[in-house]
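Residue numbering begins at 1 within each chain, and the chains themselves are lettered A, B, C and D in the order written.
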């Protein structure tokens, strides 16, 4: 099993996910500017999810780049990650259509949490195959981002009991942490390849 | 005709199928937790079909990997398989929306059966082109999985006359049999390539 | 401009077209077998269009394979072909939902005709770039299939004034003519490459 | 980060955008020729957007071809461009369904403007990475097309206050300017590579 087809398939699925999310923004029937106002929360949800899927695509690329041998475990860990990412359009649409109400916001947090866990599982699967000298293990290091994000998502889910806006702020914060491209792998790779 | 473009096209179609299935899970209008309950059968159908399409993608990849020459027969046998896979979103949506009722469950079984037959036809087409020393023929061996699955699907279709739940159990069982990655081809390939 | 990206992009668009067509087959709300009956014309339209798009993908691949230099003219002739192919889901859905009524069947014929013309224009653009010793020109020869199909489509469009079933029969006949893979290019290519 | 995966992902997203736009052209329920008349503005909007997305795909390809090193800035500038392109189906559908009414036409102009700005930002990001001897910088030269288009879009947005038809004419004009393939990069590249 070569890495190439795994990358191509994952890219295809992620490209479709990021694009069909926009279909949740239904074309309004009227033609006034006021027709756009109720779409604002749907639009903002879409922006947030677009950034998240972009982050996953970016980091997924860096991670797979270190993966030289694809086993059955890696393949299914990857499909497991794609499964949770495929729920983004649903969770985004529900949160947006209900203007960031508590329960849909909590569900959005659950999907983010499950995707983060799936990403972590895939990371461990690749590291396990690479053995004691794992390039990826060195690259992620203590992986504070990977450990902090799920905590933020859990806090956000609980926070929806109080106010969903705290949760939204935490989702944005977690995204910002990741928006800074993962220099860990970028930095270590050239040293190891040299 | 090179294998590469056949793989890319198949991957594209499979990536779209696996992703648009989630569109059958319509965003509910209310924002309560109780809105999610009626979606549970749709979600479970989606999980089952996601796993099935994942299995097809995985095994399809292994099978095509042994295929060095693409003939018109292989090309159309491949499109025939993609055709039946493309009916997964419809069959999944119908079964899920009707909470695993008898007739939609039977139709789901028919689509599974036709996809299994199409897969077998493609397998034979590749083996025929490879001739008497076919790598794929050695790899699949007696192909007990490929022969057992259609039987399970037929039993499941008939079982919907009694209870659709027997059928669902058989669908899950057949998926579990395949979830174990196809080590037959993985094992024999290195020996032959060596 | 390299051929590779043109192929990848075309494959992506064709893969999406062939897959979203199935979305026109709406999941019925009831769970009885009788719910499927009204879907039969939609299903048959889908089968016909699936075969047509498969034929286009197959022949498009063979044709591009002979194309070593991509000019602006080829690029836009290719996008022009993809444009008409992108109308297949609409034309298929309209014809299917109206059980092969006259006007939707005529529109389906118009889309087939425009796609055939677009294919011919692309073929000429590639031949023009290849110059007097064009590999593609030798391969297509007198191109009787490419000349007969548009005639069949025009006859079919006119025939819908009488009975749409004559038109459907002509669509099936034209598809069968093409279903036989384009051995002309397959046969000549090895001789030329040798 | 290699350019290949960035191209593949962008091609995938653009292929999906160009294809799902057609889904905004809803299949009418009746079967008369008069059913198609109200779809004419939707169809014309689709044609315009198809051409625009085709132009972006074409120029994007040429631009990325000069890009030898992909940084985090380039990656996110590219995702930013894809984000605005992903709003084409929505803006196209809204403008078409309202027969080119003023406000939807203005929004269409806003999306065109933002995409043009995003394209410019990506261009600058690539030039910055390439340094003082930037191939892309030489290729785009004074970049009069890239500077004129946003001006045309802004004029068009303002013009919708008077008549949306002036705006539509400007959108068509701006498309025609770009339809002529970007020979600047095509011309300079061989000289530089030589």
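Things worth noting here:
Throughout what follows, a residue touches a chain if its C-beta (ideal position, glycine included) is under 8 Å from a C-beta of that chain, and two chains touch if they have at least 3 such contacts.
Keep in mind it's a predicted model, so treat the numbers as computed, not measured.
Compared with subunit A, the chain whose C-alpha mean position is the greatest distance off is C. Between subunit C and subunit D the CA-based rotation angle works out to 90°, given as a multiple of 5.
Of all residue numbers that take part in the contact between subunit B and subunit C, under half occur on both sides, making this a different-residue interface.
Centre-to-centre separation of subunit A and subunit B, using mean CA positions: 27 Å. Distance from the subunit A centre to the subunit C centre is 38 Å, each centre being the mean of its Cα atoms.
Multi-chain contact residues of subunit B, defined as those touching 2 or more other chains: 8, 12, 16, 20, 23. Across the complex, subunit B is touched by residues 7-8, 11-12, 14-16, 18-20, 22-23, 25, 27-33, 35-36, 47, 50, 54, 57-58, 61-62, 65, 179-181, 183, 186 of subunit C. By the touch criterion stated above, subunit B contacts subunit C in their complex at residues 1, 5, 8-9, 12-13, 16-17, 20, 23-24, 72, 75-76, 79, 82-83, 86-87, 89-90, 93-94, 97-98, 101-104, 107.
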